[in-house]
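Everything below concerns the one structure shown next.
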Amino acid sequence: MTVVKSPLPEPARQVTFDALQTTLVDLLGLSLIGKQAHWNIVGPRFRSIHLQLDEVVSTARSYADTVAERAAALGLPPDGRPETIASAFTLPSPKDGWLRDEDVVQVIAETLGAAIARLRERITTTAEADPVTQDLLIGITAELEKQRWMFEAENWPREH
Amino acid sequence: MTVVKSPLPEPARQVTFDALQTTLVDLLGLSLIGKQAHWNIVGPRFRSIHLQLDEVVSTARSYADTVAERAAALGLPPDGRPETIASAFTLPSPKDGWLRDEDVVQVIAETLGAAIARLRERITTTAEADPVTQDLLIGITAELEKQRWMFEAENWPREH
Amino acid sequence: MTVVKSPLPEPARQVTFDALQTTLVDLLGLSLIGKQAHWNIVGPRFRSIHLQLDEVVSTARSYADTVAERAAALGLPPDGRPETIASAFTLPSPKDGWLRDEDVVQVIAETLGAAIARLRERITTTAEADPVTQDLLIGITAELEKQRWMFEAENWPREH
Amino acid sequence: MTVVKSPLPEPARQVTFDALQTTLVDLLGLSLIGKQAHWNIVGPRFRSIHLQLDEVVSTARSYADTVAERAAALGLPPDGRPETIASAFTLPSPKDGWLRDEDVVQVIAETLGAAIARLRERITTTAEADPVTQDLLIGITAELEKQRWMFEAENWPREH
Amino acid sequence: MTVVKSPLPEPARQVTFDALQTTLVDLLGLSLIGKQAHWNIVGPRFRSIHLQLDEVVSTARSYADTVAERAAALGLPPDGRPETIASAFTLPSPKDGWLRDEDVVQVIAETLGAAIARLRERITTTAEADPVTQDLLIGITAELEKQRWMFEAENWPREH
Amino acid sequence: MTVVKSPLPEPARQVTFDALQTTLVDLLGLSLIGKQAHWNIVGPRFRSIHLQLDEVVSTARSYADTVAERAAALGLPPDGRPETIASAFTLPSPKDGWLRDEDVVQVIAETLGAAIARLRERITTTAEADPVTQDLLIGITAELEKQRWMFEAENWPREH
Amino acid sequence: MTVVKSPLPEPARQVTFDALQTTLVDLLGLSLIGKQAHWNIVGPRFRSIHLQLDEVVSTARSYADTVAERAAALGLPPDGRPETIASAFTLPSPKDGWLRDEDVVQVIAETLGAAIARLRERITTTAEADPVTQDLLIGITAELEKQRWMFEAENWPREH
Amino acid sequence: MTVVKSPLPEPARQVTFDALQTTLVDLLGLSLIGKQAHWNIVGPRFRSIHLQLDEVVSTARSYADTVAERAAALGLPPDGRPETIASAFTLPSPKDGWLRDEDVVQVIAETLGAAIARLRERITTTAEADPVTQDLLIGITAELEKQRWMFEAENWPREH
Amino acid sequence: MTVVKSPLPEPARQVTFDALQTTLVDLLGLSLIGKQAHWNIVGPRFRSIHLQLDEVVSTARSYADTVAERAAALGLPPDGRPETIASAFTLPSPKDGWLRDEDVVQVIAETLGAAIARLRERITTTAEADPVTQDLLIGITAELEKQRWMFEAENWPREH
Amino acid sequence: MTVVKSPLPEPARQVTFDALQTTLVDLLGLSLIGKQAHWNIVGPRFRSIHLQLDEVVSTARSYADTVAERAAALGLPPDGRPETIASAFTLPSPKDGWLRDEDVVQVIAETLGAAIARLRERITTTAEADPVTQDLLIGITAELEKQRWMFEAENWPREH
Amino acid sequence: MTVVKSPLPEPARQVTFDALQTTLVDLLGLSLIGKQAHWNIVGPRFRSIHLQLDEVVSTARSYADTVAERAAALGLPPDGRPETIASAFTLPSPKDGWLRDEDVVQVIAETLGAAIARLRERITTTAEADPVTQDLLIGITAELEKQRWMFEAENWPREH
Amino acid sequence: MTVVKSPLPEPARQVTFDALQTTLVDLLGLSLIGKQAHWNIVGPRFRSIHLQLDEVVSTARSYADTVAERAAALGLPPDGRPETIASAFTLPSPKDGWLRDEDVVQVIAETLGAAIARLRERITTTAEADPVTQDLLIGITAELEKQRWMFEAENWPREH
């Protein structure tokens, strides 16, 4: 029995749901590793990056909520449980233990870059299936690209 | 050497950057002439238009910031220096000295109309190159069209 | 004589205006029946649904304003007078008198579902005519689909 | 079966309800035509009256809510559905299409004047039946008379 | 010796004071039993009623303060000590121990109903003696009648 | 020619206007002498009374505005010019120069007492002529009686 | 049948509950007599103490809520009904009628002193039984000791 | 006996006090006639000027307070009683009764112009006597000159 | 080499760190499953529990941050990466897919109960090792016990 | 014909206007190059300087508005159009393209230093002509000197 | 080597720095003794003076920050270390131990009076050397003179 | 004669007071040297550390107030006069003159480390004497340990 009716017919519903579910995992993973770096960073840029990471986390959490609720609105239940994130999250991540500030800047720039590449594919995928979801993914991409620029700019020159 | 990595390949990157750089000049120019009119307006509608112009300036400044930061996020540096604006800004503008209220209403309506026409071209240009930038340009257009309507409405009847 | 100049040529202007005018009627009607249910609901879920309905009304009023002002910005006057709403509003509505909470949940879910179906058609219609208006309709759809999910979730299981 | 118990005995309850239901229709109608004028006004006083009309709408919406909830508190369900407003609303209203600013000022002054005259009758009617409701109607009248004065003052001299 | 001079002559002063002192006891008692229910309620509607009761308490506390200060302003000292409330408070109250949500809804509706009946008598009593106090009692009645409606609506159908 | 139409017929309009105009003078005068005492008070209770007087001034200014605008709403222009206040204000007032704190407390209590006595007469006067204005005067009286109580309480024992 | 499961085993649960229930009565009683003094105080320090008493009341109300909800969280229902307070409240209290400012200062200092002595016993009692409750009682003690100091300081020299 | 010690020796103290006392009268008078115009203005610019006048009043009231407290800080009591203002206030003022909007704009521009001329003299007078007071007068002048410009700009062209 | 110096000697440092690291995992896991339930809940109590769960998540996130930063302050790096949570989180959790409201209430009450039991052990463990950390764990326990009570109360009667 | 009357006679008016017009150009130019650096900065101090530059821009914009409105208040129209800034702005500026963080710090310190030197000359120039304008220029100088110190401090040691 | 470049040449720089450094010591000392009195005051005016002293402390802290940062902006490092304040602070101060309220009022009036006398000398000293610093000192003097007046007024009559 | 009665018997009172008085000196000293570093820091991390130091100062000031008021609440007067701080403050401090950013980071980390060590001793000392004071000292320690971690993390690697 249908629990929540969907405004989308199949197969558009499933295509869109897949784009949302994978985005959800990326954003929840990003929120966790952003906090991990926020807590473990050391080095002369500690305070500046420590604060910047909280903006990444805040963005990731807020969009994760929107993405998951959109999945529900399409009639399919999102999955953000710990084991799901652990098994499905594949973006570059910081190692455990203390993290040097310059390494944090570089790995977060890479994480964001990889997340963006995946989002841009989903923008293409959902164009036909659901322009409403596509518009949401475009908004997330714009924000993550802005945040990646800041880490890139902070990361320059890399050989320093 | 690349300073900030771009999420876009060429030629999409350059196409999109051109749309953003010209929009940046239009918005910075608009913010300056909006203030010019804000300071120099005289006539019985002084207070009403004086306040309305500050909303134009506030909008233009806010979007200029977003547009310039998006250019940087695409890996190309934006240019908003005084000489660049002076040489590249081509929208209708108020003359120097005191400005009659009815003339202000008319010229700002024209400035906004010209800016909108240019934005709509860029919406077409960027559709393929970068839907994320296109979405930003659509948002700017919506806001400027709303503001133009208000000046148009205020400007009626023109022969008054 | 033209009162407010349009950024759109014909026939795009009329196509877009029709999409906006019908959306305006749907949203104003929704705001009125949302309040009707807000006032007349009875039953053990009174408080929870009473508050939720005010969010529907707030959303509907806010978007109605944006939609009507967009119509004006396109150079055509919107129509939101009582007699226009009464004759043009066709979405499912609650009956008069006291309303049981479970019936309210169901009818509002249906109203939102019908409004969404009509909005999705207009998203298609305006894609060519005016992407700026299309973007606004996409935003309204996203919000109404979120609100419908909540009533759907609240409505489950239906045979309870 | 009684749904909501009433603090008033008959016939006071029905007399009071009638005063509230007709006030509700007047206020909801006023909120709709206030927005209609807000969107369609043109002329050199556009911005000033455009803003002033939103205060009328805000007042009308807020009091409509209070009035409807008072009816419910008296144990009788209020009716604010579109078709009820359309058939029962009789105050002077603006025509459709663009509206000249001076015509807007005049018609809203007349609408408010007619609404006030009807409210003052209901103040008399409810004095015996329910002083609590009478007090609410007195408050609404005070606010509408203040707003009417502003449109009257703005409307002077009429032959201008 | 007179401590605080009164704006009212006798016997109006005493008549009005009696109306205020009994209202004070009702409101303080209501604030205490509202909290009692807020803490001890259990059942599937726990959260919704738990929050609603805090609005009852907030209203009761705020009006109790106004009522007591009005008594003082009339030159007679109000009495809100624990033993006074305990001996003079006669409205229906919840029993001790855990309280089922549906029982809470019913008893609070009854408490409010009884408080309202007593207030309406005092509105009559003070009409001659002090219209300023009467106006305050009218305002309290309006608010309590609104809150009673909400519990009545929540309480329907009673035989559930 | 009528400038602002009145919702009241004669003689009710003039009766009500007289009540409002004399109240306006009392309130404006009260706001000026409240400030005079605020600036010139000396003694061990300086800070406490200095702050309390600003609440008197704030109240007087706010109600003066409401009273004057109500006069205008009734179609008759209020008069709050310096010379009008100077010639028409008759309430007890502080002398010039430094003022001992205990003298300030006493004179302000007397000023408020006199203002209240005059307001209570106008409440009677306007009951028939305009219940809307009467309701406003009742509200002012309630507030001034509360403030007088505080100065009375502060003034005790008088022979200290 | 257990209604709310307890995180504490017996006898710790009952020991802790007793500490909370007696604290609840002390705080609710304190909030009532604080208001009683707030309304009935007279004398040259009226305003200063009148305001200070509202801070006592606000503190007492806020902690009473926390204490009662902690009792519920331990699985035993708190009791704050009027008759319970009246019979169980034993702290020094002001008499009825007008209260001289210096007497208020002294009696509230004594009330707070007695409440603190009882709280300090409960801090000892709960150390073993429930450190979480002990921590709450420590926090209440810190705040009441701060407030008592202020009344003590205000009360000096006592023979004045 | 000296009540408040002065940081200034004679004759600087008296010179400065005179500058402050005359400024106080100008500002209090300005606040009263600003409100008079605020209430009595009629004409098509009603709302715009009505709001602008409240900014004049707010400025005048705020500076009057600062000026009077500065006089007290210099050890001489300021005088802002109704009769003092009435006899000492000499700036151009509106007549009684309804006021046309264009006349209001002109008279307030003149009032501000006259106030400014008097302030500029006092800036010269106090330069030697008390640079602290001079700095305050400079600040007031800057603000009034800004407000006068706005009325001047609104007043153009005068022969309209 | 020591990266961050510790205020604690061994073995107190390691004992305390273990208590913090396990608490961190519990809180991060709780924040994830709280959101999972927030998104997937269906049933007539949808809105009420949906909102309540966000308070659980907010609490869990805020304390997780404090706990992790405390670990860092003790000189040992906390670990909150996805794989760590997935492998170390052992509290009762909701299954995937839609969740009935009553099941959500029950499982969250169980999750909180289990988390509390583990926290109470750590309160004992850290009493000697670090009273500063113990105080933090006491604060977390108090909050989680309050939230568990609410779900317990909502869950009653269980056989419903 | 005079548009806005001036409180200053010639030649004081022109002297003062020249000081204001050149300050206006410096501040508008500073606001533009501040944003240019805000967008194009790269390097390890990116975030810190990026944020600091927005404070420079905010200061420059706010003072530019005050300066231009002061010119208008003196009866002469200010000029802040793009071409005027481009031709008259002579302070040290960043080049186009990406900017290293250390170069940004140095150039902005130089820009502020040059602006300050010019402002200090104008403080001398306007001392006689208009002390009101001089006071404004003193205020701007104080703020820019504070901001220059911060860039100077950040810039040390220069040979780094 | 110069660390922070100065906008002032010698000897103006040193003269100005001396004025700022001595002001810094006075303000930091004032902030410390203000708190000392805030904590140790006893007597019937406890609460009123206790609160007033926090305004003195807040003012002193805020201006100390501005003064020290201005010294740095002039290129010379300010000194606010404990030993510097202890050796250089010479204003009248309260003794240790409890302080009677009337003694606090008197000593703080004297402290402020002495601080003002020293500030007025520095206003003269810096007039030539740096008008920007002079303007800051004038602002501090105005505020301290206002605060001294309040203590003076509170202190009257001294022989009480 | 006792001025403020103590809730503690001897010797607990004196033991606790000593812990509070020494903590007060440490916190006041910390607030002064924190500001000293805030003003005199230079180097590429200027802005970041400059802002971080203000958080240290804010924390120190706030806790100093709480600590001193707790001493007063225990019936013994705290001592925070300049000479007391200068003679009793023994924590590591920055030297006078400009301070390199890396030296600031190191010395503040050391200051905080020394303050923490002393606080931890007092936590032990007061455990028996006064658990209320102990709880306050635990709270201060938690906050200072968090701030020390941030400077430690910023300070790494030390040999940089």
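For reference, chains read A, B, C, D, E, F, G, H, I, J, K and L in written order, and residue numbers begin at 1 within each chain.
We adopt the following convention: a residue touches a chain if its C-beta (ideal position, glycine included) is under 8 Å from a C-beta of that chain, and two chains touch if they have at least 3 such contacts.
Note that the structure is a prediction, hence the values are computed from the model and not measured.
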item: Each chain counted as touching chain E and chain I at once; value: C, G
item: Counterpart interface for C-D, drawn from B-J, E-I or H-K and sharing over half of its contact pairs; value: B-J
item: Of F-G and B-J, pair with higher C-beta contact tally; value: B-J
item: Chain centre separation (chain B, chain K; CA means) in Å; value: 50
item: Centroid distance [mean C-alpha coordinates] between chain H and chain D, Å; value: 41
item: Centroid distance [mean C-alpha coordinates] between chain H and chain F, Å; value: 24
item: Where chain G touches two or more other chains at once, by residue number; value: 3-4, 42, 45, 48, 69, 72, 98, 135, 153, 156-157
item: Which pairs of chains touch, using the document's own definition; value: A-B, A-C, A-I, A-J, A-L, B-C, B-D, B-H, B-J, C-D, C-E, C-I, D-E, D-F, D-H, E-F, E-G, E-I, F-G, F-H, F-K, G-I, G-K, G-L, H-J, H-K, I-L, J-K, J-L, K-L
item: Interfacial residue positions of chain G with respect to chain F in the complex; value: 41-48, 50, 98
item: For the chain D and chain C complex, residues of the former touching the latter; value: 3-4, 28-29, 32-33, 35-36, 39-40, 42, 61, 64-65, 68-69, 71-72, 77-87, 89, 93-94, 96-98
item: Chain I partner contacts - residues on chain G that touch it in the complex; value: 1, 3-5, 7, 69-70, 72-75, 131-132, 135-136
item: Residues of chain C that touch chain A when the two form their complex; value: 109, 113, 116-117, 120, 123, 134-135, 138-139, 141-142, 145-146, 148-149, 152-153, 156-157
item: Chain G-facing residues of chain F, complex; value: 45, 48-49, 51-52, 102, 150, 153-154, 156-157, 160
